[in-house]
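Across the two complexes that follow, subunit A remains constant while its partner is subunit B and subsequently subunit C.
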Partner chain A sequence: MTHLAPEAALSVLPRADGSAKYSYAGYTVTASVNGPIEAQKRDEQAYEAVVDVIVRPAAGVGGTRERHLESILQSSLSQIILITSFPRGLIQIMLQIESTPENDYVNTKLVQASLNLAIIPALLQTAVLALLSAAVPMKATATSSAVAVVLQDDGAKKMVVDPSPRDIESAQSVHALIFTSHDELLLAESEGDFTVQDWDQAYEVAYNVCCQAEAKKAGTDMMIDDDNDASGSDMRHFIRSTMESKVAADLHWKR
Partner chain B sequence: METERPFVLPGDSIDPSLIPVPRQQDAQTQNSKKQAVLRLGPGLRHMAATGAIVPTVPGQLVVDGRKRSMWVESKGGRYVASVGDVVIGQVQRSAGGDLFYVNLSPYTSNAILPHLAFEGASKKTRPQLAPGALVYARVSLANRHMDPELECVSPATGKADGLGPLVGGTVFDVSLGLARRLLMARSREEGQVAVLDFLGDEGLAFETAIGRNGKVWVRSDSIKTMIAVGRALQKTDEDDLSVDDQRKMVKWLIKSMR
Partner chain C sequence: MDTPPTLSLSRSTFAKLSPHPYLVANLTGQGRSKSNSSPACCRTNGRTPQQARPLQVHPSSLTHAHGSALVRNGDTTVICGVRAEILPVSNIPQYRPRSHGEVDSDSSSSSRELRDYDLLVPNIELATGCATQFLPGVPPTTLAQTLSTRVYSLLHSCHLVDAADLRIWHNPKDSSSSEAANAQDKMDEDEDANSHKEEDAEPQLMAYWVLYIDLLFVSFDGNPFDAAWTAVLAALHDTKLPSARWDPDREMIVCSPPTRSLRLSGLPIACTAAIFVEKEHGDTGGRHWILLDPDRLEETLCREVVTMVVDCSDGETRVRAIEKHGGTVIGRELIRAFAGVAEKRWTEVQKSAFLTDK
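Our next item is the complex of A and B:
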């Protein structure tokens, strides 16, 4: 299935140090970043900043699932933020999910129980854009992709990038991967039954979406089927062009 | 001597040809050694292991070949104190009988302003500042492991040079980028911000102080003027107005004030 191109708006919240609104593949997330600010005495760490990630669902209050997403994002983001530059500090990242492809208002109990890996790319990308908008010093930027391994009727396995809820329902396994802008793997979360070969393939597909999309456009990449090709949007290029136009507007006075 | 300003994201590699190299004659003569040193401004870090210079914030990489310095220009997020910046702070309280705790931006740890760091201050005549009072001060010590320290007096001359308590008036928040432009020696030519000149030309009488931490203090006898000046600055900041648009906005503002 194909998705519309990702969309983003930066510095949408006037009171926060930085903010971003991002929508792609049916997910819309707004993030605000505040920091570096003073950490509470009980949380502060003597040699580095605390990264505090808060995920709020589209409907209702956060539960176990949101706490799990927070911990995944927290560990990934504190790897790319220069936390040692701000000892005893706090960098607060608030992620408000606005809409998801599935309907949050029905079957909340059922949804609550399962982890939704497909939302990680949207959350991560929004957080990175908001951090860039807040000019928080970072080692690198990061991009993310989710891949579902779907068993087709003929027994062949198909890799679906940015899967829809339907794809996830029928998938054997779902993988969420995050790469830094230096092509390093930052996070790999998987769910379901899969073999090492499945994972390798999922990794390859996600790597191409996150890191090698420019090469793919040049026609050097043969990994992905034609119908999948369009769904893998070039995330790194997207972040770069979004930030570039924002910076150009901010620095209009610079001749 | 500025050339093109490439856009950079954190972690990008910088084209080595952009990094200014010391000229031969500079490196050889002893007394100009100071000039030969490359100086890194905000938004860049030097990796000791590889010797590479890596950006840490998104923005435009500015290279000044004459001053042998480079930095990343951006509108900036939250203020992080650095030595030599002039800032506007709000006194929180006096502590220990010899210093004030001063707030530079909301939710950050307080800066320290010693009672004796004012012009002509001595143990007998120390300034009396109530909580909430505003001070115009220079950052004298900034270190990531310590709270920043401020001073309202030049340590070399013992003169205030315009620093000290700000009496009356009100403070407006602007972005760090606009504060930097306003503080430029030639803010109209270099920073493309002339809104204060235009307001003055229209006959408004007011006084301003600009803090590098994104604060602008405005005082005037008329409250209307005070608000007009502050809002004009904030509007210039929010809408990224050009000099021409600033002139139009000021004209409109003056008309609507009558």
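Our next item is the complex of A and C:
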């Protein structure tokens, strides 16, 4: 399964403190970040900032599935944001899903209650880019990847990075993992039928996608774009290069 | 011990004033009198970190539900009722007709049926006055909605219920022969005409059973997902569906008293642990404890939670779901190790009564 390289644009919304638009593997998400701002009296916490994540689906209004995505993203993002620096504050992250992969085989109802793990990478990546764009202080950045374990006709198991809805439909198990830039596992969500060994392999594949920036930087930078096809895209390098080009564009007047 | 009376606090005061240091003090065994022979590492509720609360299951506790169970895990009590309702295929939008001979090529076609036609509808109610943080009469909290999604996803991803059990077929040949047996005094020519007409008729799928799985938290003391999932499992095991058939004369489905129990494949059991770190307010470093089956106090103090759903009923350990978020303590090694803890919990739960009596 090959996807086009991920695309991102930073600070796309003029009125928000920070924003980002990210599209990859058929998902397009726009995020806006406001903060740190004053939290409502009812929600404020005396020792740390409240991180508020709102996920809006591409069509219809958010249901229980969006609440679940919000709660897991909230717990992951509040780990990497330096929330203790802003007591009684609020950092609001709004994620608007703009498009999801089209599929003729899968019956796509407007409101679906079941969890879609493949959307977690897109949501997280957009949120991290928007947080960077808003210059919210963070301990680390995070990268994410989804892996599906597909049983092939010959009985061998194949790891599909960033699976399409069709892959997920036929997959034995689907895994979504988030790593911090310190190579720590921040989130692991899996469903399906698998063994601990399968999970281990999926972890390995996702780790290679998310945490390989240092290894590849040893080679020449020019080579990186060509290498991407081998093992999916390298998310950490992607976030870095997106930020670099944004900073270069912003500081263009200095030259 | 001669402590000045001005500085001494009772346990409950200490717990209320500063819960985090209170739990740290308990886990490190500080301030415990020497004469006490309890183990060095002990939680505020007296359990060891890897000790779960005893599980009690009472199936068939509701009279008017098709299946029900009351599950008690320590002070967390959930009651689950399963109610089956008939969904005629004519009421399903975008219904794709299926023929009788059609076999499920794989489990995915059965699970697609369950998902596309919404044949399993779990709902969780927390606003029952089960704990002080859930106010009654307000819209469902984030926790309730999250739990509903998790139960719904797990129900579908485990392929626990087979869609074949929920189909209501109409077989014209069967009904004509049974009618003949019942009504001997029918006109001969009439019967002949009937049998001729229905000889070549294929069995038709007339309706589905929809299972409404409602969960009410009677009391809430942490670890809601494990209790809720066990209640769902126990209630589905207890579920007996009425035998339904299509009555061609009245053009409706008629039911006789419940006889057929639902076949469930596998026995996935959830096992949740919270990770308690020594340093408060997100500081890294310091010790951590993995607290199995956390109670309400522990849940409020822990950010990182890991849930693993395992099924060892085939002899081999199959993992059905992993959910880990909220921290970076649990890495690859600890997840692998946690699989062992989940296996142990599976054996414990499996021994509990609700499965042996079947």
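Criterion: the second predicted complex is superposed on the first by the 223 of 255 C-alpha atoms of A that agree within 3 Å, B and C clash if a C-alpha of one lies under 4 Å from a C-alpha of the other, contacts with A are read in each partner's own complex, and residues count from 1 in each chain.
Here, contacts are C-beta pairs under 8 Å (C-beta built on N, C-alpha and C of every residue); 3 or more make two chains touch, one makes a residue touch a chain.
These figures come from a predicted structure and were not determined experimentally.
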Partner chain(s) touched by A:Y203 [first = subunit B, second = subunit C, both, neither]: second
Partner chain(s) touched by A:T141 [first = subunit B, second = subunit C, both, neither]: first
First, second, both or neither for A:E189, with subunit B first and subunit C second: second
First (subunit B), second (subunit C), both or neither touched by A:S75: second
Partner chain(s) touched by A:P36 [first = subunit B, second = subunit C, both, neither]: first
Which superposed partner A:A5 touches (first subunit B, second subunit C, both, neither): neither
Partner chain(s) touched by A:A156 [first = subunit B, second = subunit C, both, neither]: neither
Which superposed partner A:T180 touches (first subunit B, second subunit C, both, neither): both
Partner chain in contact with A:V61 - subunit B first, subunit C second, else both or neither: neither
Contacts on subunit A seen with subunit B and repeated with subunit C across the two complexes: 180, 182
Interface residues, subunit A side, partner subunit B - complex: 14, 17-18, 33-38, 80, 82, 85-88, 132-141, 180-182, 239-240, 243-244, 246-255
Residues of subunit B touching subunit A in the complex: 5, 7, 9-12, 43, 45, 54, 56-60, 62, 73-78, 80, 106-109, 144-145, 177, 181, 191-193, 238, 240, 242
Touch list for subunit C against partner subunit A, complex: 94, 108, 112, 115-116, 142, 145-146, 148-150, 152-154, 156-158, 281-282, 303, 316-328, 330-332, 335-336, 339
Subunit C contact footprint on subunit A (complex, rising order): 47-48, 63-65, 67-68, 70-72, 75-76, 78-79, 83-84, 107, 109, 113-115, 169-170, 175, 180, 182, 184-196, 198-200, 203
